[in-house]
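Next come the structures, one after another.
After this come two complexes, each holding chain A, first together with chain B and then together with chain C.
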Partner chain A sequence: MTSFKIILSLLKAEISKAWNKPTLEFAVGFIALISITSIGTLVKIVEQVNFQSSFESMIVEALSKNMSSQLLPLTLFCGILMSLSFARDYEQGLMQTLLSSPISRSAIFIVKFMAIIVPLTLISWGLILFATTINFYSNLTALITILQIVILALPMIFLALMFYGGIATLISLTIRRTIPSALTAMLAGFFVWYITTLKSDMIGAFADYLCLTPYKAPQVALGRTLGLTYPPDTIESILPGWGFIVLTVIYALVFFIPMYLHFTRRFEIRE
Partner chain B sequence: MIIGLILLMNTATEHVPGDFIYSYGEVEVNETYCYVVSIAPVGIGNITIGFFSPPESDIKIGNTPPGFLEPVTLPIHVKVEDPANQTLFEEDIISPYSFEVEFNLRGQYSVYLTNNGDEKSPIPMGVRFPYGEGNPINREADKFLLGIILSTLGMSFVALGLIIKLFLKRH
Partner chain C sequence: MIGPNGAGKTTTIKLILGLIKPDMGKAEVFGFDCWKQSLDVRRRVGILYEKVAFYDHLTGLEHLILMARLKGISNPLEESKKVLKLVGLDNEAQHRRIGGYSAGMRQRIGLAHALLGNPELIILDEPTSNLDPIGRAQVIEIINTLKSTEGFSFLISSHILPELEKVCEHVVLMQKGKVIRQGSLIQLLNSAAPQTFIIKVQPAEPLVALLKTEECVKSVSLTGDGVLVVVNDSAVFKQRLPTLVSQSNASLEEVKATGKDLESLFKLAICGGQEE
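== the complex of A and B ==
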């Protein structure tokens, strides 16, 4: 119980340290700007017989567009905040104090990691929910439909951010200097996004496989889960929906697990 | 305050664009067909019945495939209901026809079209708004109001916080 209290105190301290003014305000403002502007004015004419399915597809399209617009800034924020959490503590000597405390290394790593990922996920998802609700809300039935659809974005955003958090942790634990770590992590996030913008005239047939990249896989996983249709004979439509979910989970853990092992097995002391 | 200001800025600058015309199949004689217009509260717009293209479009009817964009001439009974099921318009008309409707509520406006002609026919329906040039009428009224409320509340809290902080510092 005491150790749980200590971990909770550490979590509170980490959250207040990383999300100190003006980080939280800036993150909320920037993501809100993207969320609100990515959804246009609602005007759509449909047949009454197909109304419910058309209404759901309108929400799914808006959600998919919103998540897609948010991911790049989220990766950049994730890079900066992870550097503030890990690299700055090494730089200022706070990490050494933390590691000499009775809290396990495992708890320190998970608390520091989640103190960034969870609030960022909640900010992003909350603003997606806000933007979708104010755009499509008309009655209680519509609100329930919106909630049923938007709730599925929550795990996908979390898993996507786990990947970028993992990269940023790797960079932070390697460089251990705040500014260089933040810049490198942002650059890495930007690169992961940039490769998805390449067209087939530049990279040939590889362009067909860009949906399998860490940037696109969570979006396609969400799209397939929500029943979004993709052009026939593309990887997005050929691969089953669960395939993209599995891929997203693998990406989420691909850096997280090695970094966890690196941190908890005291590799840096052996260095 | 941040979210309120962004919402206010967005709704103040974004206006509902242009024309939306849809046609789904043919309507039998005396059959009633219903379109649903999902729309934000953007104020006055025009509902067009029987037009396949905007009434004042530059498309030359003679240059298109036969009958492709020609307006449908048909006696139709039209009934428009707002999301609260209040009838906004109910008349017998001869298409092509256009009339104004005030979209004051967010939600689904039902447009019932009964073919009163002698043969089955497609009945295209559209919604038109004045084009561009920053038309301030057709913006989303509820988002604008929510933006004002959130901004005012946020500013009040900030001002209150500043006053309390200053007051506590002095005493």
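== the complex of A and C ==
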């Protein structure tokens, strides 16, 4: 059993490697830009169209919109960073060095995975909180309300990123080359987003079920948890809120668990 | 551990460390199953790979402290400083980022990593292949010093045979995944006594064809250095050679009887087609 102190040391090294200059600066800057732009636009819409909405529902709408606009760049970042963590280490030989240390493969896999997912989740969530706060802050009570609402986005962002992280790990450990892995992982993330943009005139009745995709499910799960109302007779309103949460959890684990098992039991360092 | 490319040297090392699973059978080191009890094996073994890789954003000392922690060493700072001294990196370089190190310094840090925690066995996979002649000599010198003064045991896989000869006591020669020769260096070199000649001749093919029909010749093969001939009777061979060269219409450039060294043993075993 690898001790907590050892895991912490490895996690620290992995985080500092993955988020080394200028990755962190670029990620924060890019996601901040999206966060601030999307909320600013929404406030205007809410004020003009739905000016009688309560303060809380404005925050909910803003949060939902912000998360929706952040998810695509987050998936792309996740693909690149996972490839840098797994494929590059394999390509350059650091994976071989780590796997030759007397530390369990479970610890190596979880540390490498979480060194990407956790900071990315925190960056995204922190920027949503910041953007929401600067848009809706009026007093301390307002700040507490904002915090209470925005905190719910944290697990959903994490679970959504687990899904893309799982895909990217699968691609990285299959291709084992940094650039092809990063490009393929980005393409996979883009594809998952793209299918949600298809309209009913292109895919017919399937369009009604797009809310069940890995891209939309976490957003609807968050929306339903926060009490957002969806048009009647749509899957979003018919399915219970917990159904979307369960779906999000399943998506989060659907690649993570097989990749964990593959890495801990069968992953081999071969030329 | 020597052998041509694809002989299975690196695969053997990966099997020892549990990085690959044996297709059949099992590998054991210190009584531990290398796949099922790989953590126990890795606690007792230090490794330096040919493709040496580090956390390049960390300094040499920081990297070693991290690796010492991963090895479960209780006093990582002291241990790291100790091994840095052993490889001659206990200077200001230890506080610089590894990303800025030269190939020689990277190899030293890799060696220091392998030495962490006084392992019972240190495996070096092509430790000098990426280094210039000076760097190679330095690494060989360090290995020799560590072997003689600190009592470390090394398992070295390499192609650079003259260097290996300076440090090794026991040789395992592999080809296509099988051990074809093994024993102490002196014993093997003595056993490699059969008369072997390297003939530089242009063109070589007609002479090779003629040599294959000679009774005094045990085996013939064409190598990069020329025609490698293992003979049964060197006196007869020396007598016949001028005639054969003349018959093959070739121009003889050089005839060299090979000495008793690892390189000759290697060529003889690999190209001479003799298997134990």
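As a working rule, the second predicted complex is superposed on the first by the 252 of 271 C-alpha atoms of A that agree within 3 Å, B and C clash if a C-alpha of one lies under 4 Å from a C-alpha of the other, contacts with A are read in each partner's own complex, and residues count from 1 in each chain.
Going forward, a residue touches a chain if its C-beta (ideal position, glycine included) is under 8 Å from a C-beta of that chain, and two chains touch if they have at least 3 such contacts.
What you see is a predicted model, and the numbers here were worked out from it, not measured in a lab.
**Q** Looking at the overlay, what does A:101 touch: chain B (first), chain C (second), both, or neither?
**A** Only chain C is touched by A:101; chain B is not.
**Q** Once the shared chain is lined up, is A:17 touching chain B (first), chain C (second), both, or neither of them?
**A** Second partner only.
**Q** Applying the document's definition of touch, where does A:6 land relative to chain B and chain C: first, second, both, or neither?
**A** A:6 contacts chain C only, not chain B.
**Q** Quick one: classify A:203 as touching chain B (first), chain C (second), both or neither.
**A** neither
**Q** Applying the document's definition of touch, where does A:143 land relative to chain B and chain C: first, second, both, or neither?
**A** A:143: touches no partner chain.
**Q** Answer with first, second, both or neither: which of chain B and chain C does A:151 touch in the superposed model?
**A** neither
**Q** Considering only the touch criterion stated at the top, classify A:250 as touching first (chain B), second (chain C), both, or neither.
**A** Once the two structures are laid over each other on A, A:250 reaches no partner at all.
**Q** Answer with first, second, both or neither: which of chain B and chain C does A:238 touch in the superposed model?
**A** In the superposed model, A:238 contacts neither chain B nor chain C.
**Q** Given the complex with chain A, which residues does chain C contribute to the contact?
**A** 10, 14, 17, 19-21, 39-40, 42-43, 47, 49, 51-55, 57-58, 66-67, 69-72, 113
**Q** Would you tell me which residues of chain A are touching chain C in their complex?
**A** For this pair, the touching residues of chain A are 3, 5-6, 9-10, 13, 16-17, 20, 89, 92-94, 96-104, 266, 268-271.
**Q** Can you name the residues of chain B that touch chain A in the complex?
**A** Against chain A, chain B makes touches at 2-3, 6-7, 10, 14-17, 20-22, 24, 34-40, 42, 83, 105-108, 110, 125-127, 140, 142-143, 146.
**Q** In the complex, go through chain A and note every residue touching chain B.
**A** Interface residues on chain A, with respect to chain B: 25, 28-29, 32-33, 36-37, 40-49, 51, 54-55, 58, 127, 130, 134-135, 137-139, 142.
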